[in-house]
Each structure stands twice: as C-alpha cells, then as structure tokens.
Amino acid sequence: MTTNPTSAPASGPRPSGRTADALRPVSITPGFARHAEGSCLIRVGGTEVLCAASVEARVPPFLRNSGQGWVTAEYGMLPRATHTRGDREAARGKQSGRTQEIQRLIGRSLRAVVDRRALGEMTITLDCDVLNADGGTRCAAITGAWVALALAVRRLRQMNVLAADPLRGQVAAVSCGIVGGIAVLDLDYAEDSGADADGNFVLTDDGGIVEIQATAEQAPFSEAAFTSLLAYARAGTAQLFAAQRAALG
Amino acid sequence: MTTNPTSAPASGPRPSGRTADALRPVSITPGFARHAEGSCLIRVGGTEVLCAASVEARVPPFLRNSGQGWVTAEYGMLPRATHTRGDREAARGKQSGRTQEIQRLIGRSLRAVVDRRALGEMTITLDCDVLNADGGTRCAAITGAWVALALAVRRLRQMNVLAADPLRGQVAAVSCGIVGGIAVLDLDYAEDSGADADGNFVLTDDGGIVEIQATAEQAPFSEAAFTSLLAYARAGTAQLFAAQRAALG
Amino acid sequence: MTTNPTSAPASGPRPSGRTADALRPVSITPGFARHAEGSCLIRVGGTEVLCAASVEARVPPFLRNSGQGWVTAEYGMLPRATHTRGDREAARGKQSGRTQEIQRLIGRSLRAVVDRRALGEMTITLDCDVLNADGGTRCAAITGAWVALALAVRRLRQMNVLAADPLRGQVAAVSCGIVGGIAVLDLDYAEDSGADADGNFVLTDDGGIVEIQATAEQAPFSEAAFTSLLAYARAGTAQLFAAQRAALG
Amino acid sequence: MTTNPTSAPASGPRPSGRTADALRPVSITPGFARHAEGSCLIRVGGTEVLCAASVEARVPPFLRNSGQGWVTAEYGMLPRATHTRGDREAARGKQSGRTQEIQRLIGRSLRAVVDRRALGEMTITLDCDVLNADGGTRCAAITGAWVALALAVRRLRQMNVLAADPLRGQVAAVSCGIVGGIAVLDLDYAEDSGADADGNFVLTDDGGIVEIQATAEQAPFSEAAFTSLLAYARAGTAQLFAAQRAALG
Amino acid sequence: MTTNPTSAPASGPRPSGRTADALRPVSITPGFARHAEGSCLIRVGGTEVLCAASVEARVPPFLRNSGQGWVTAEYGMLPRATHTRGDREAARGKQSGRTQEIQRLIGRSLRAVVDRRALGEMTITLDCDVLNADGGTRCAAITGAWVALALAVRRLRQMNVLAADPLRGQVAAVSCGIVGGIAVLDLDYAEDSGADADGNFVLTDDGGIVEIQATAEQAPFSEAAFTSLLAYARAGTAQLFAAQRAALG
Amino acid sequence: MTTNPTSAPASGPRPSGRTADALRPVSITPGFARHAEGSCLIRVGGTEVLCAASVEARVPPFLRNSGQGWVTAEYGMLPRATHTRGDREAARGKQSGRTQEIQRLIGRSLRAVVDRRALGEMTITLDCDVLNADGGTRCAAITGAWVALALAVRRLRQMNVLAADPLRGQVAAVSCGIVGGIAVLDLDYAEDSGADADGNFVLTDDGGIVEIQATAEQAPFSEAAFTSLLAYARAGTAQLFAAQRAALG
C-alpha cells in the first residue's frame, strides 16, 4: 500500500522539462521594499515572494526583561497570485489555517539560526507576501526571508546597534516529492497538485535539519522514499545557500 | 479663517524639488501578475501598486438576470509598504475604514467608464495592492486599475467573449493639495502628511468629473483655492491618460 | 458623455413638489438624549437623526501629553429607519464600509471648526443615530452634531472647565445633485436613489469649504454642473446655520 | 441568610418619591418609525424605547414548509442612552451576552401570545432600541413591542393578508425587586443598581405567566418575598395592558 | 389559555419510567481535571458535565483595589455531546446567545453563596464543559461547579491562603416543568423538547432562592402551576445538596 | 551547531522514570460519547482525549457528485486541561494557529487510510477534545480518532449502509524527541517543554509513513538523530496498533 519511487533515470518527463534533480532558476533581488530595514524579491521559477524585515525595539510580553530578542514572520498571498482568484484574507476577516501554519513555520525556521541573546530585546518581523505563485511558496519565503533578515542585521551592525552577530548560519528550504512514482526536487504547481507525497525540508548550511514536514497526499510512502527526498533536499538547498550569499554581495 | 493659496510662482520649494505643477515620473508595466486576465505594476514616484483584473462569469445577487455586469475593487497595502510597519489587516481580522473607503472609490471610478450592459453578466474584480507607498496610493491604484481592466477587456474581446467594447473611455486620478499655502500637483508622502488641504480628483479623458473628494486638513479653504486644484488635476490626468495609452501599446 | 444640467427653471417637477433650490423643513430639538452633555434631535424633512455629545477626560494614545483634545464621531442607523429592514450591524459583527466612511466624515467636519488646543486633553464623541431615513442622513448628522457639540462646549464653559472657547465657527452640510438633468438642493430618498450625480458639501459659516464629495452615479458630469451644485450648497447651508443658531437660543 | 422584605408601609422613601406599589408614568406613541409596518415609542418614566415591527414573507430554515410563522426580536441601546457612554456594539464587533439574553426574552415573550399557524409563513421582527435608559428597559421593550406587533398585525389584517387574527392576547412586562429590604414595583436605575433582588415578570392579560426571571443580586431571598413581587407584577401589568389598549385606539 | 397541570397521580408515564417527583441518578466524581485546583465530573442521568475551578491571583478591572474577589464561569458543550453534532463554537468564531446566557447564570448562582470579601482579590473561574447531554445541563453545571469551587476553596484554606471561609452555604439547581399537562421534576431531553413550560430553580441549602427562570414554551401557565414546580425544586435540590456533601467527603 | 544525540544507554533519567524507549501506559475506552456513531476516551499517561465520530450524509461542495466521501477532524482543549488555565477559544472568537494546524494534521492522517470511494458521499467528522493534557495530545488524538472512526465504520457496515470496507488499515501517531541530548520515545509535558528537537510520526500498521513533522526547538539536529527518532516511532506505534485492535475487541 505504500508508495516507493522507482529508481528511474533522473530525467523524467516533468511538466517543465526539468530533470528530477533540477532546481528551477532562482534570483534574489535585494532592496525591493524601499522602507524596510532589509528586503528582497525572491523568484524561484514562476513563484515570486516579496520578503521584508522590520525591526522594532520591543519584544513580546513573554520576553520582557529576558535580554533576548524575537524573530517572527507573517505570510500572505495576493488574491490573484494564483490561477484563479482567492479570497482576500483581510476581507474574509481571518487568516486561513494554511496561512497560520506557514507563518509559524517561517518564524521557527529563522529562529533556529538566530542567537536571540545577541539580538537583545528587539523584534524582527519578516513579512513574506506572495506576488505570483507557482508551487513552493513557503520554501521560497523561508529562503528569501533569511536574506531580508541578514540585510537587516547587517544594517543594525553598521549602525553599531548590535555588538555581536546574531546570525549563526544560513537557513533555506526546498520542497521534494514523489510525482508519478518518481522522486523529484522543487515541485512546481503542476506537480504539487498531483503529487503522491510532498515534503518541505528546512536545512542549514552546515548540514543541520531545522524542520521536516513530509506528507502522504495519496498513499503512505516508504522510508526509502523518504530518504531519497532528503538527499534531493540537501542538493537543492546547497544551490539556494549559494544564491543567498550572492544576493548579499 | 479659510486657506487661500497665494499666487506664488509655480516653482516652490517642494521637498522633491519639483515645481508646483509637476507630476512625479510615471511608469506602467503590463503583465506583472502572470495569472491575471489583465494586470500592471504602476509606479508614480516612490509609490508602487500592483493592479490585477480577475474575470468571473457570475454577478452579485442584486444583478442576477439583469443582463448587466459588475466591476469592483479591493485594495490592500503590504505591511511594510510604509515607513514604519503597519498591522496586517488579515491578522487584525478586519479591514480599516480607510481601506474600505478606498476600495469603494476605486470601484465607483471604474464603473463610471464601463457600459455594464455590454459587459454582460460577468464580474471583473480589480485587486490593487500597494507594494511601496509614498503618497497618492489611491490615485495610482485607480490609474493602474484602469489599465488592468482594459487589458482584461482586450483579452475577452480577443476570445470573442464580448460582442461590444464595454469601455466608454479612460479614467485616471491624481491628488492636488495646498501645502505651505501653495497649490501643488501630485503630493508625495512628505507633502501629504503636512498639507493644509488635500483633494483626490477622478477625471475622464473627455473632460468629465467622476469623483471629487476635497478635504480641509487644517483650516477650511476658499472656493478660489479649490478651483486652482481642479485646474492642476486636469493637467495631471492628461499626462496619466497618455501613460495609460502607452502601456496598452 | 458628461452630464450637464440644463438651465431649467428652478421649479421642476420634484417628487416632493419642492422647487430646485428649496431645502426641506428643518427642526432641531435640543436635549433629546437626557444623559448626554449635549444633544439634539434634528429633522430634515423625513430624515431624523439623534445626535449626542459625550465628554471624556482622556485622549487617544497619539495625543497623550500633546495638550490637544480630540473630537470624533460614530454613526449608526436603526434597522428599520429605512423602507425595508436592514441588518443590525451589531448582529452582523461589523460596521459596513459606508458606515465607517460616514463617521470618518462627520469627525473630520467637526474638527475643522474646533481649536483642539483650547479643548485641552479631552475627547468629545458625537453619536449620530438615524431614527428615520429619507435621504441626506450624513448631512443631517453633521449639522445636528455641531449643535450637540456646541451645547456640550457651552456646558463645559459654564462649569469653568474650559478657559477659552474651542469652537471657531459653525459647520453644516447639505447634499446637492443632478436629478433628471436638473441641479437640485437637498435630495430626498426618492431623488437620491435615481440621481445622475450627487455631492455632499460641508461648509463653514464664514464661507470656507471643509469637505466636498461629489460623485457621478451614472455618467461623469461637467465642471459647470459642479459649479451650480456648489452654489446651491452655499444657499442651503446658510439656512442651516440659521437653524443651528436658533436651536442654541 | 435569605432576604425577606419587611411588611413595611407601601410608601417608603424611594428615590423618585413614588410609593412602593407605584408604576412610573407610561406613555406609548404609535407610528414613531415611519417606514415600519407597526411601531411605537414607549416611555416608562425616564426610559424610552423605540419599537418597530418589520414583516417579511419568509421564515427561518427550520420553519420552511411548516405552515407556521415566526416572531423574533432584536434589542439595542444607543451608546449615550446611559449616564456614561457605552461602547457601540457594532463597533466592538459583537453583541454582549446581556443584549442577546434580552432579545431572546423579548422574542419568547411575544411568541407566547401569537398563534403562529394563523400568521402563516411570515416573519415579524421587532427591533427594540433604547433611546434613553433609566431602568427596566427590557420590560418597556416587551410592552412596547407588543403594541408595534399589534399595529403590524392590524395592518396585515386590513390588507387582507391574514385570514385570522394571530394575536391570542396581550403581553406586558414589569420589574419588581427588593430594595433596602422593601418590595417595590417598577425599579428605576437608582433602585436597580442597588437592589437586593430583582425580577422581571412577563404576564398576559388573562392572568397567565409567560416568563419569570428573578435573581438575588446580593443574598438569596425567601419564597414569601418572591410572592409579594409577583403580586406587585400583577398590579403593574394591569396598568400596562390598559396603556397598550389606549395606544391602539 | 393558561396551562394548569392536573392534580394527576405522581406516577405518570414519563419516557424514563420515573415518577413525576423522581430525580435521575446523580453521581459526582471529584478530581477529574487533574491540573485544576478543584474539579468534578457530575452525572445526572445521561447528562455529564466536567466542572473545573481555576484560581488566579487577580481580579477584573472593576474590582481592583476593592479588597473583593470574583467568581465567574464559562460553559461549553462538546460538538457531539448531543444527538446530532452541533457546530464547534470556537470554529464558528463566537459563543451563542444560549451559551452566554448559561454561563452568566452559573456565575451569578455561585456568587450568591460566596463572601467575596473573604475571598480577597482572587478570581475563581469555573469551566463547565458538557461531555454528554441529556437535558438539564445548566442545572448539572451549577450543582457540579459548586463542588469544584468548594474543593478549590478547601485547597486554598489548606494552603493557608484564605483566613476565613468564603463559602456561605451550598447552591444547587434543578429543572422542573409541565409535560403533557403534568408537573415533573428534572426533565430529560425527551421531556424538555416537548414541555409546555420549563423552569430552572437555583436554591440554597438554607431555603433561599438564588434564581428562578420559568418560561412558557407553548402557552402561558398559571400561578398554581408555578407553585407546584417550586415545590418539586425544593425536594430535588435537597437530594443534590446531599450528593454535594457526599462528594466532598 | 547541530544536535546529535549520544549513543547513551536506553535507560536515562527521564522525569517519569521511564526508559528512553518506553511508551506511557495506554488505555482506550470505547463508547464514551454516547450519542456518537463511534467514540472512545484514549489515555496515554496523563493525557486524555475524547474522540467522537459523527456521520453525515453529505459532503463538502468540492466533492458533490464525485462519488467520494470526506473525513475531517476538529480539535479542542478544555481550558483547564493544562497546568494553568488557557483561554477558551470560543470566547476569544477564533481558533489558534496551533489548533488549526493540529486538526488539519488529524484529518490528513485519517484520510491516508480511508478509501473515500468506498465511503460514498458521506462525511465523517472526528471531534478530538483534550480533557487532560500531559504532552503528546495531537498524537493521542490521531490514535484515538482512528478507533472512533473504525467503530463508526463498523456501525455503518452493520446497518448495511456501506457495501465495502473503506478502512485500508490502521494509523497511529507518537512523538519522539531529543531531550538532554538523548533520543526518547513519547515525550510527556515535562520533556516536551525542554526538548532540543521534537517530532510527530504518523505511521500505518503496514509500515508506511503518513506524515513526519520534525522540528528543531533549540538547534538544528543531524540526520543520524532523525533516524533514531524514526526507529523509536516504529516501535512505539506497534504498541499503539495493538491497543487499537484490543479496543475494537
């Protein structure tokens, strides 16, 4: 009953023509949100996310007088980022469960590489807004949010606000899944909507795992399948870490 | 007690160095929202608004079986489009009064140039999302939304969905105000926040008035002052109509 | 394409039999809300609005320690003030965009004639509740709210709470519109629902303009049309200023 | 520990100077809400409630195709009906528990005297809005709502919409309580806020009990005390039934 | 027109086979909510309510610096406590009017036997959650909540937090009603849904009345009928007081 | 920087005295919610969750006329299930992000073992309400919800409503984590709140993976660490599958 991807050749008939192990083209443009302390527009194939970091000199109540800072995220999708128009969450009066799940994930992912004592009692909020969606928006948001965060931290350092660097490393995310029985890297929307299984892998540049969320969309999958997804994720995030470094100049 | 702008020379000390009658640089990039039936990114100085038109083959309940279509708009601002981060309306659980006022204005402005019988029982929703804000966002939204609407209509016409052209003309908007006792065109944020009076003028390319909203921010103003604002608005929108036509190619 | 009212004789066939330049009968009864610091019931034809001023010795956060006061308004309509019953906003769980737009307008209009330094750090809230609606409710609310405000200020002065008079003049509002091609003053519901264009004019007793909101309901209108509406508004508010003074005794 | 009112002479030192068994002056003005099918403004001392009946030719889902109608009520209080301004429920975004409790009570009370089969599949909604509050607002609302309902029914009968009279009798309500150890009829605000016990009695003109809600505000009370409250309620509602009949002419 | 129960023999054909004056089997299990300062699971026939008392060292704003404490309650029903699944109130985004009415009743009932000065500035919240419903849930909640409250008070006394005992007596509640023309004690769901009249009686162990809520569900009822319901309530609560004492050991 | 659990002996100093590979005592009592088509009370150590299955003969809009059914879940926690009282979500007016995340997980997990074609156009809703919480509530909810689902399915089969068995196997969940540098199975609250990393593993009885959610709470963890967590999860769910089968008798 479990899904077990065949050891197919790495060049399957993906809708985009990509090989199974190919990431989509990635570009990261810093400074898109002109007022933000750090920002970028990240493009991963047809997915575009505007990531903006806002620094505030206060922390949530549970951290007051703790000497520690906070990093959090909010996520949104413009109504027509998708094939058919979705409701505007502000008009519906609440954020969906999916939205809340994603923004909690982004926040946790970034905090895993932040030394919150070095940050001091400041809050950095990462707004990740999807302008165009073609699969993998939460992963692009994490990867771009790290760049926005790093730019904001650099600015705080230049202003001599921070004595030490609160960033302990890079974090990036990529999705991997089993589509038509074959493990593939970086699913686009066409693949994502019909995948057998789907996983988001949040990894650090020194090889650590920050978060794994793997879900059987159709039938349960095997441990072997899972292992091959994780291997693809390692390869994919390696490219994303390079793109992040390039964007920081 | 009323404000009456002096007949000062048209080149006052505006923060941006512009003369009193100068519009900011305008650019309109069509197709920014790839999935939308029509879209553009409009830039007016430092203000950037993404406008996307979505077509649906249904109308609100009050128009069912009327043979008429509907054109409506929604407006939003990304949390960090502004100097300091604003609350995300989806997170707060409701749209502000300002947001609702603006999206009602955009909808009315577009409907004034649409023949809703020619549209048939379809709804076109214009999503106007501010990516960067530097004053005049509602005016930029109206001007850009008209372009997105025109592109969507063109596409429907090309698909032979519409027998006749529902667009009866162009509509655009610009703000004018009295700043430091002098009437000026197209206020940026620095001017807007300290203006004596402030007006938004929605005009058509054949000289008609669609909507005027003029407000005394400090003290009441004179009828003469109002007349000079309207004259500036005519000159400013003439340039916007040209930019709209250029964007449509 | 623009609407341009004919220079018709001032006695057209209005549904009410009024001439084009005739205001409806106005009455203002002070003291209707017995607990309020100032209040009145204003009747303009079939429109009845209860306006009540509440004084509180505190200001919103953005004015704390500023030495300035605040004047704000809330607006509501009883569910059966209208021909058919409307939803109760409290039951629906939110105020409509229209309600929010109106209460923002009332607040701005009143603040335009208040010296907020002379008021000191106090807040006066004007509740405007429509008991019966027959067109022009927002204008009646502004005109009546000024009376309630003036009564509250008089009481504060009698109590020696205010050293100087914070009221710099009178403010009143009236609607004018183009109905059946003819410019008319003070539209009732029958006229309002079929008007070509419709404007609300908020003016001061010394001839200043506080706010103009003019909207093309059907087709854009000409500048000449607009000018004639403004002239009617001046004549209409002159009568309202007299009624306000009479109500204050 | 229980409260047991002394057999004091019926003329105690009530704040209003009334004797213990005295109702406040009652007046019922029909037709206050001009658009409603039936309405009245009821005044009981300083308490004023506008009651309006709205008739709709539909029933809630649970009554569809049942051949029975529905009678329901909504209740509201203008923000400055009270000594100090209360929040506007529409602005807060929800109705308080107290508001919901009261409107459920009004609806139940009216339904107890309505033959819902004779009404047919129609809904009559009674809006009860307190313009001025001085204690006993829910009781005044019930008493006035019955008049508005009766006027709406009379109108439907005159229009030959109803074959039979759906009204089986009159219903009215009054509060009684124990104040300072003495049982009194029709508490005003000054008494209500310091009462030992407080009850609302909804009775019919033929002597039936529709609803009793009696509450110990301070300490539990005795059965004897309760009995004397009920006796006062009978006497008070007898006067209210007469006032209702007078209002119907 | 009023309902007047016949002097039928006390053994009528109740759905459960009980005699008219028979309470359902009652059991009270202390300590069900392991983390709460006091708790119990109360079963009255097929109705099961989990009652948990939470103590916090703070009071609502209106009691700050008053030297008095507060006792309040919240009520909920699991979605499938009933025959058919009900909406989850948290998912619907608001508590129903019924829920709010019940939790206000529970809070008032408990406060009637609490010396809030002896409690000091502490708040005790009683959460009453219905796990299985078969009529009389609000009465079971009051009876069980008193046990949870008493256990929490005992614990506070053992910890020497309270110098004096804030409990002035016991409070319990039972429903009585007229079903098929006969007065009965402790209605189950089958009886409740078809009752002519229905009352909830909240009484104290020393014979005081805390709250009476009696409602005609079909037709108004007579005073004699009401008197027989109250007599049954006295007999029923006597058994509940014994069960409460037994549960406290 | 990554966490890598030492190959410590399997008997570490866990707060509960358990060995690293020991599950807490599990008990599953069927039939707790008497009205539900299937239900159980599951206890895993100090965690208690009431799981109830409700069957409805309708599907969400997106499945109408698809021939397929739906299985979904809702999750809640009684306010005093925890050490300190939490807000009631119904009172706050919305479900937290955590709640929504958990109920989405439960629904996905159950659907992974359901043949939705065999179910036909019916919806089964699993309500999972935490009565007492001591860590691992979402895992206990999944494990218990499967039992409630299986009981409901059995009942539908006995009623001859379902021709084929829609259950394709068992699903259960357990948490594993790294605490104090050591991998452990089935974290209780004391361990969970201080864990270095934490994962929830949803597995099927034939060895398939349904969902993995592993999160670094402090620092990123290694792939080796992850592998040991997965091994523990396999061992733990084996015991849960046995408990499920025992509960079904």
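Order of writing sets the labels: A, B, C, D, E and F. Residues in every chain begin at 1.
In this section, contacts are C-beta pairs under 8 Å (C-beta built on N, C-alpha and C of every residue); 3 or more make two chains touch, one makes a residue touch a chain.
Heads up on the chains, UniProt names are A, B, C, D, E, F = Ribonuclease PH.
Computed from a prediction, not measured in an experiment: that's the story for all the values here.
Engineer: Which chains make contact with chain C (Ribonuclease PH) and with chain F (Ribonuclease PH) at once?
Structural biologist: none
Engineer: How many steps does it take, at the fewest, to get from chain B (Ribonuclease PH) to chain C (Ribonuclease PH) if each step moves to a chain that touches the one before?
Structural biologist: Minimum step count, chain B (Ribonuclease PH) to chain C (Ribonuclease PH): 1.
Engineer: So what's the Cα centroid distance for chain A (Ribonuclease PH) and chain C (Ribonuclease PH), whole Å?
Structural biologist: Taking the mean C-alpha position of each chain, the two centres sit 51 Å apart.
Engineer: So what's the Cα centroid distance for chain B (Ribonuclease PH) and chain E (Ribonuclease PH), whole Å?
Structural biologist: Those two chain centres are 60 Å apart.
Engineer: Which chain D (Ribonuclease PH) residues reach two or more other chains?
Structural biologist: 93-94
Engineer: Using the touch rule from the top, order the ring's chains starting at chain C (Ribonuclease PH) and going via chain D (Ribonuclease PH).
Structural biologist: C, D, E, F, A, B
Engineer: Going by the contact rule set out above, which residues of chain E (Ribonuclease PH) touch chain D (Ribonuclease PH) in the complex?
Structural biologist: Per the touch definition, chain E (Ribonuclease PH) meets chain D (Ribonuclease PH) at residues 1-3, 94, 97-98, 100-101, 103-104, 108, 112-113, 168-169, 199, 203-204, 206-216, 219-223, 225-226, 230.
Engineer: Quick one: which bits of chain E (Ribonuclease PH) touch chain F (Ribonuclease PH) in the complex? Just the residue numbers, please.
Structural biologist: Touching chain F (Ribonuclease PH): residues 32-36, 39, 46, 50, 52, 54, 56, 74, 76, 78-85, 88-95, 99, 125, 127, 129, 131-133 of chain E (Ribonuclease PH).
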